[in-house]
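This is the structure I want to talk about, given as structure tokens.
Each chain gets a letter, A, B and C, in the order it is written, and its residues are counted from 1.
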Amino acid sequence: MSLQLVANVIVLAAIYALVSVGYVLIYRVSRVLNLAHGELMMIGAYFLVATSSLFSGNPIVAIALAALCGLAMGIVVYAVLMRWMTGEAVLAAVLITIALGILLRGLAVLVWTTQQFYPGATLGWHNPSVRIVPGVQISAASIAIVIVTAAVYLGLFVFLQFTRWGIRMRAAGQNPLLAEQRGIRLHGVYALAWGLSTFTASLAGMILALDSGVESTMATIGLKAFPAALVGGLDSLIGALIGALIVAAAEIAAIQYVNPLLSDVVPFLVLLVVLAIRPWGLFGSREQLDRV
Amino acid sequence: MTAASANTPLLAIEALEVAYHRTAVALHGISLKVMPQTIVAVLGNNGAGKTTTLRAISGFIGIDDARVTGGRIAFAGERIENQSPHANTARGIVLVPERDKVFPNLTVAENLIVATSHRANAAERRQLEALVFAFFPALTALRQRLAGLLSGGERQMLALGSAIICKPELLLVDELSLGLAPVAVEDLTRRLAGIRKELGIGILLVEQNAAVALAIADYGYVLENGRVVLEGAAADLRGRREIQQSYLGQASGEERRSYRALRRQETERPNG
Amino acid sequence: MVAPSPYARDLKLFGTRRARLRLAAAVVALGVLPFVASPFLLDLANQVLLACIGALALMLLTGFAGLISLGTAGLLAAGAYTVGALFREFGAPFWVTLPCAALLGALLGLIFGLPSMRLRGLYLAISTLGLHFVMVYLGGEYEARQSLSTGVMIDPPSIGSFSLTSGRAWYAVLLGFAALALLISVNLKRTRTGRAWRALRERDVVAGALGIDVQRFKLLAFVVSATMTAIAGALFAYFRNFVSIDAFSLYLTVQYVAMIIIGGMGSIPGALLGAAFVILFPYAIEALASYLPERFSNTVFALDYAAFGLVMILFLLLEPAGLVGLWRRLRNAVTARRAKTAS
């Protein structure tokens, strides 16, 4: 396998990893599978489109503002919609996220039309192709996504392990009833999980937008990244990372050696294989299966 | 420490009825009181309604579709039946459940960090934390141990400790002794009595093991099939023959009988 | 005449006089429709009838047996492509393609049902989602191989010189198929199979302990549902004279899921109501859109999407029992008011 292929795998894995972290956060804390995640990522990208046209001379402000909006978006979605499903059957909550995704797709086109946007261009950034090592060319945005993904994972790890709110989130995920009995406000924890999830999704969306533009079909990447989360185990952060690597490697290998058309289906083939052999994923906790 | 004066009960339950799924009646009208700064024991076998009572008080009654269908529960004078568990925890009613009493994948230290009381400021919280380690010095060495790997006794200590950090006014303990060696149980009950004294709180202790509970309680109630069949000062209860036979396992060779059967037998025999 | 036993009386479909009157009214309405409706309305009715078949199929699987499946679009595609491929390669007539579609549906039902042996709820839904993408890939692969960038054209089904093209003729055919699907659903519900499925839905562990062969009934539910869906897909191909993989997106599946939710989960009239609602909804939105500023009326499909998502959310939040639930509430409110004014 050439070095270029390896680089491609790493970049694709970073994309999948950054997107699937959002699935894991919400699932781990509240057992809800957020199938609107792809659409939320897309809206995050559109946020950048909006802020970049407002602050075209100041890319840092544009990006920071868009990321902040991404964070707020998750909290709003929880506060307005998802919190009514807390305590209800998980399947109903998942169905609502599907409906939310559809609503968001429609709204996105209504607000921004089907036109393709290039916020990178608006901000004056041309996304050069960089030669890291002889024989390996990747875009600057690809480098950015690898760095951002690493930073996000590190940040989340520190947050969950060492901060009070992070430990609360882990506790609520393990035993929401006991968490309530110990004074933890579940609504607050869930809202935070949603906020962090959409924040990371928006980051992913923005970088992808800077790399190749935004268009309403971007949301499908969200669904393709989902198998990565499942393969690793829906409630494991490290699992999402490993899962992303596996799915990305399988996909690139399939495109390269078998048939380029397979690109969209390979993640789901991996998903089906994992479901057949080890449904709770590589690092997931087994009880999840029976609890559903 | 509490809003109630020395003569108002901390917790007053009157004629409480609880039903599961709107059909299966679990509590047929029980009445009990917890006076401030006392320990009250609620005894009885499995299915007597003890856990249901605790659930009704703590507000975690929605599990298994149960509801308070009659009577009232008053905490420091306020009615609290069918309110959200969150409201009750905010009032200072803290429950140590029978199972799943700690977070197994969190360390001891994390279990304690996670406990929150919205009524305690930072200084009070630090005090409470210090108190926990004073009551349960064994926990100090176990700080970094995963709670799931603790022994039964250690886990119970952690559970009580994290409950204390929630700054309880009324502590509800479900089956303190279950699965523990007698030595550990004795140790725990002594510490529990110490906690009551130090914090000046009320404690409602639900127990199958009457000896354990009556050793530290001030007052006791015996539940059977969702009804209170006996109550009295702990000292009196300890002496009652029925208790000895039914719940302290001191009946000689006879089959264990329900309290009711024994009472009937007693009243039919004039000279006891 | 001996009075039927109470159980037999319960089992009778139209035991009461009122039920028989209702049936008569429905038959009359349905019979008159093709003669009084405009071609546009007739086409709408045909679409609704077609959707009813798929909705009933999904309702059997998810509403009755409690097995979550997101595979509807994939199965519709399977049926449609069977017709398309067989017609294109061999010029096969409908009395060959339809049974083949049904057979393929049954086979796929077995495959889609296999995960249910081990998985439940969310994970089962995820497995069907994976299978959906596999089906979409296969359809796309076929189109690519055959260099069909715009899909497969199909001649209308014909017997001798008669060709099934007119709206009225289609109405009769689709009404027949829908009625058949309805009959099958109703009968399955009230027989042993239906009861076994309901036991599955509630607690399949308990059902197993009661001696119900859980595996067999789960697979049966998938097979029956998939066969019906594949036939619906085949009919869809003939109805539109056209098959293209683009039509079979996840959104199509969600529409069918919405049908049984909006209609009312687990209820046969719910499936029918839901089918009608979801099919007619875009047309209502389009009509509304003409009142909106120019900008919105240009992207009606987006408006449709957004409105559909919103309606689905509202139903899930506010009326989880769907239209049937709403109807019941309305009826209870009216009866209560009537009782109040009477007293």
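What we mean here is this: a residue touches a chain if its C-beta (ideal position, glycine included) is under 8 Å from a C-beta of that chain, and two chains touch if they have at least 3 such contacts.
Not measured: the values here are computed from a predicted model.
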So, comparing C-alpha centroids, which chain is the farthest one from subunit A? B
Taking each chain's centre as the mean of its C-alpha atoms, which one lies nearest the mean of all protein C-alpha atoms here? A
Could you put a whole-Å number on the gap between the CA centroids of subunit A and subunit C? 33
Just curious, how far off is subunit B from subunit A if you go by their C-alpha centres, in Å? 45
How many angstrom lie between the centres of subunit B and subunit C, each centre taken as the mean Cα position? 54
Listed in rising order, subunit C residues that touch 2 or more other chains are none
In the complex, subunit C residues that touch subunit A: 68, 115, 118-123, 125-127, 129-131, 133-134, 136-137, 140-141, 144, 250-251, 254, 257-258, 261, 296, 299, 301-310, 312-313, 316-317, 320
Partner subunit A, residues of subunit B touching it in the complex: 58, 60, 63, 85-86, 89, 94-95, 97, 100-106, 110-111, 113-118, 162-163, 166
How about subunit A: which of its residues touch subunit B in the complex? 164, 167-168, 170-171, 174-175, 177-185
Spell out the part of subunit A that touches subunit C in their complex, as residue ranges. 33, 81, 84-85, 90-92, 94-96, 98-110, 113-114, 223, 227, 230, 261-262, 264-265, 268-269, 271-272, 275-276, 279, 289-290, 292
